[in-house]
Amino acid sequence: MTTHKPGLPNFTPGKTTMRNLAVVAAAGGIVTLSGVILDPARIWPNILLAAYYVAGLSLAAGVFIALQYISNAGWSVAFRRVPEAIASAFPLGAAMLLVVLAGIPELYEWSHADVVATDHILSAKAPWLNVPFFVVRTVVYLALWGWLLYKITSTSRRQDADGDLRLTGANKRHSVVYIVTFAFTFTLASMDWIMSLEPHWYSTIFGIYNFSGLFQSGLAAIAILAILLRRSGHFRQVLTDLHLLNLGKLIFAFSTFWMYIWFSQYLLIWYANIPEEVVYMIRRQEGSWLIFTVVNVVFNWLIPFIVLLPRWTKRNEGLLLKICIIIMIGRWIDLFWMILPPFIPSAPVVSLWELGPPAFAIALFFIIVFRTLSKHHLIPVGDPMLVESLPHH
Amino acid sequence: MSRRLLSAWFGGERDILAATRATREAGYQILDVYTPYAVHGLDNAAGLRPSRLPWVCFALGLTGAVAKLWYQIWTSATSWALNVGGKPFKSVPAFVPVTFEMMVLFAAVGTVVAFFIVSGLRPGRKPRHVYDRTTNDLFALVLVQHDAGFDIAAVRDLLSRHNLVRLEERIEVPEVKTAPGSFLLKPALGWGLTGALVIVVALTYLLPRTFTEPNSEFLPGMVESVPYDPLSANTNFADGMTLRTPPSGTIARGHMPWDSSRAGTEASLVAAYVSTLSPDQLSDREARAASVFATFCQPCHGPAGKGDGTIPARGYPAPPSLDATNALKLTDGQIFNILTYGRGNMPSLAGRIPVNERWLAVQHVRRIQEIATAAATVATPPAGGTAPLNGKENPR
Amino acid sequence: MAERYSILRRPLIAGNKSFDEVTRDVCAPLESKSTSAWWMTFAAALAMLSVGAVAVGYQLKTGIGTWGLNNTVGWAFDITNFVFWIGIGHAGTLISAILFLFNQKWRTSVNRSAEAMTLFAVMCAGIFPIIHMGRPWLAFWVIPYPNMRGPLWVNFRSPLVWDVFAISTYFIVSLVFWYVGLIPDLATIRDRATSKIKRAITGFFSFGWDGSNKTWLRYETIYLLLAGLATPLVVSVHTIVSWDFATSVIPGWHTTILPPYFVAGAVFSGFAMVLTLMLIVRKVLHFEDYITLHHIGAMSKIIIATGGIVALAYATEFFVAIYSGNDYERFTFVNRALGPYAWAYWIMVGCNVGVPQFLWSKKVRSNVALVFAISLLINVGMWFERFVIITISLTRDYLPASWADYSPTSVEIATLVGSFGLFLTLFLLFARFLPMIAIGEVKGVLGYGKQTEGGQR
């Protein structure tokens, strides 16, 4: 075999970058803490949003890695350490979601026994939507995902030492288990954490809708980190335009998938016009919430779609980076659109309370990801598929 | 103008790629490369630019989408706006699916047609082959010997470094170009088509046709109804007709018999008239009667029937007063008759006032007479005062 | 410039073929006489087709009162068959377009036949809504053309009109896609043909293809464009079919998950049908080197994946119906599982959720007979899925006074048999006269997974 192995790049995050991130995280943390004391009704939905956001990035990275293993894909191996680092940040999202359990009374209408007692629908749902069962479910979801993500990432890293082919087989099995588990549990989890914020409303596509946004933002996060690593020189020999093209194609495809799912849900609710369902869309179309609805579609689909349609834009590092940042913002808008309307029905407000928790979560997320990246080989040198992913010479 | 071409055959992908690149870099003019399948990197080796067909695809897709969206809005909201299920006329969410489909249809089919055009592919086109096996297992590189500096030996040397299978020199004599569709100009086809046209026209004139019979219906569906039509033949009845004779004395709904000589007594006529009125009309009858009188009678007879209308005021002979003794003696039917046929200077009003409204005019005349009589005998006003005239109550 | 492959890769095409061998192997069925087996299956297919033709003729003459429909159940057997056939078609486009975009090279051995299957399945599907119109000779009324009735346009807000556009676009684009792929192979046949007539016919239909590199470059470009267009198209088609149901307010029909669920189900059933056909083709036409156990394994894995999505959708629907607290929703799903048509529901769950799980085992995936049996069962299960959704939801809706039952008449069953006859007839003709495997594309992947060059010994 005449594989050309580039010099193994090692990553050490810049000190100033880490310090700045720490400052942002601290500021966000202080805002969040003061919010819990000063305005719990406003801050808890935003803590939920931030927790769900960063947990989603790690879960999506896990899905990405698992899909590559299951489909025997070779092209993505070179930069697989990036999604692995993101997946390794899962404890952050998990911890935040556990913290959210403390905010159940502020968040969920069904947690108040007096409301449930007078409400036919809510009392019919009580066997599923009650605090103890909810807490148990949350813990089970997080434990399952955390364990499987750990299995996948650690197995991949172990392969660096000896390139044992059996580890590829083992990770394929882990990936299958992860995908199957994730598909069923995430459907339930999205309905528990997000859909039950408006407990009278239901939509069967909700799990898929949440997955589409989650995976889209996960891909964007992977692309952002990969491009940053290329810019800093660590991936100069590793990440080719072909990788960017493939990532760009995936982002383009899943952007469109998100739009497809969003529109499917919207059209069916709009068309059937059943009062108990359509109230969800009306609430999000009245007043300035309509702006959020439109911006949501523009950020998550229209801009990525139009910009990434030609071939050259997908290979253009700078452009792809900008699009990915737009998608990351779009993901926040999408979650805001899903979570906040019942709490601020009159109009969307973006203030310190809305910005604190996401700033905290994102900054801490990057700190953890950079730390993880610096601890291991930046490319999986032991992977038998690596030869297909590295640039030809 | 003829060209000298040099064809070189190779047996594999690597050889053709290397040979193509080498000849291009050596400055030879490559006419084309023929391969049994799409060899990746060959476009690069032969120095071809990427195709511009994606732009065609994009433009056509956009055209299809915009045109179809406009068409749906125009048909559903402008041309014939139909309310279906309470959905808005401009139901943009509901127009998305078809818009999308037309975008795909235009883009896909249009791109393929554009591909056929730019590549010169069309049914019946002769392949400009160099060798049959290029569609099977050989790869051919065709060079143009464009100037005297073309050194066959040097080229042969260059190519044989890449496992050359075969080399052939040939002179390409340009074919007489036949325009696409030139088969239409073939005489046999022309005569055949003309003959067919003549036969069709001749048959149209010569075949016997019956204009009194309807054309034959192909799958008539609901054109023929299952029940009998009123005028169709019917074997179930002795007279063979579907239409039955109604029992004697039947009056068609809404029909107003007025010819007193044929339709019985005045009382029955008035009753028949009243029976056609709805309750609303009954209560409104007085106003309507006054309006008919004001329109058709008052110009001559005047508002109170004294014969002092605007027309006599200008010199036309004045009619006798409606409350004159002779007039009081007239029955309802006789007044109706006068209205219908006219009398003296009074013309017939049959053409201008429909039957039931003539009865209303009669009624108003009676009312005027009542008022006049009451005014004359002040001491004894009639019972009921302004009781309306009703033929049922007051058959005279 | 040759690709480099990981040591885990294996060649896609067995037998270390040369280019000429590939041509000869694929053209062999076209250049030999029809076997008696072919004649027998063709006769059987024609017989089935005639049964269907007689049934449709009788139905046209008498009216759709010959079906078992009633006031309550207005859509049943016919629409079930329609959705079933449309779904079958989706695998062809998935293989030719989506797997192309995902750079899955193994698709080259099966894409030609799968695309042909798509076309035939869409033809079979088209029969049902057209005869359901009652007066099919007026079917052109669904086209919005300027007419003497106003002009009275079609109702563009109706999902049934969307269906007309989606399915006709799908058919046209699939046909174009298939034909474009066929042109280079027709040229190969033309250049091999010994008889003058065959050379003239294939010469006409191959459009003068000569393998020019410039044309190949454009060909590759439009192939990519068509794949990019066909991918959202195929998703849109079954999505729109699902909207026929989901835009209503009937419990069991109106559920927002229906679009992605129908698409996954369509691919699931389509792959089952591709497997059924390919396993027969492989055996009868001796294509074992082209459709290897690797291909069968890959298709089995797609069946597991899409079957998993279908199972997830079943579970989600059931869970949300219970979760919703809505009595009608709850009743509909309990009625599916425990009501008078529970047998249909459990056939569906058994065949679509239970049976595919056997494919997890590599032993089962390598056993051609078992895979064949599983693919047949999935076909049955997916037919019942549509029956369950369409018919059972209708038999029990909001008003108990209007509940009714449904059972198909012999005319309806004969029509279904006829549609299978049409499908098989067309497929057998295709297998007899056109190359079942994309010769040009297979030659392009001969080098896959090898450290040496493709097509060379």
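The letters A, B and C name the chains in turn, as written, and every chain counts its residues from 1.
Going forward, a contact is a pair of C-beta atoms (placed from the backbone, for glycine too) under 8 Å apart; a residue touches a chain by one contact, two chains touch by 3 or more.
Quantities reported herein were computed from a predicted structural model and do not represent experimental measurements.
Novice: From the C-alpha centres, identify the chain that is farthest from subunit A.
Specialist: B
Novice: Can you figure out the chain closest to the middle, judged by Cα centres?
Specialist: The chain sitting closest to the overall C-alpha centre is C.
Novice: A-C or A-B: which has the larger count of contacting C-beta pairs?
Specialist: Contact tally favours A-C.
Novice: Report the inter-centroid distance (CA atoms only) between subunit A and subunit C in whole Å.
Specialist: Using C-alpha averages as centres, the distance is 34 Å.
Novice: In angstrom, rounded to a whole number, how far apart do the mean CA points of subunit A and subunit B lie?
Specialist: Roughly 53 Å, centre to centre.
Novice: Please output the residue numbers of subunit C that touch at least 2 other chains, ranges allowed.
Specialist: Each of 1, 232, 239, 243 in subunit C touches at least two other chains.
Novice: Considering subunit A alone, which of its residues make contact with at least two other chains?
Specialist: 267, 271
Novice: Residues touching two or more other chains, restricted to subunit B: which are they?
Specialist: 54, 94
Novice: Considering the complex alone, what residue numbers of subunit A touch subunit B?
Specialist: 263, 266-267, 270-271, 309-311
Novice: Which part of subunit B faces subunit C closely enough to touch in the complex?
Specialist: The contact residues of subunit B facing subunit C are 11-14, 17, 32-43, 46, 48, 50-51, 53-54, 57, 61, 71-72, 75-76, 79-80, 82, 84-85, 87, 91, 94-95, 97-98, 100-102, 104-105, 107-109, 111-112, 115-116, 118-129, 132-137, 218-219, 221.
Novice: Under the stated contact criterion, what part of subunit B meets subunit A in this complex?
Specialist: Touching subunit A from subunit B are residues 54, 58, 93-94, 96.
Novice: Spell out the part of subunit C that touches subunit B in their complex, as residue ranges.
Specialist: Subunit C reaches subunit B through residues 1-2, 18-20, 23, 135, 137-138, 144, 150-159, 161-162, 165-166, 169, 172-173, 176-177, 180, 183-184, 187-188, 190-192, 203-222, 225-226, 229-230, 232-233, 236, 239-240, 243, 440-441, 443-444, 447, 453-456.
Novice: What does subunit C use to touch subunit A in their complex?
Specialist: Residue list for subunit C touching subunit A: 1, 3-8, 101-104, 232, 235, 239, 243, 246-249, 254-260, 301, 308-309, 312-313, 315-317, 319-320, 322-326.
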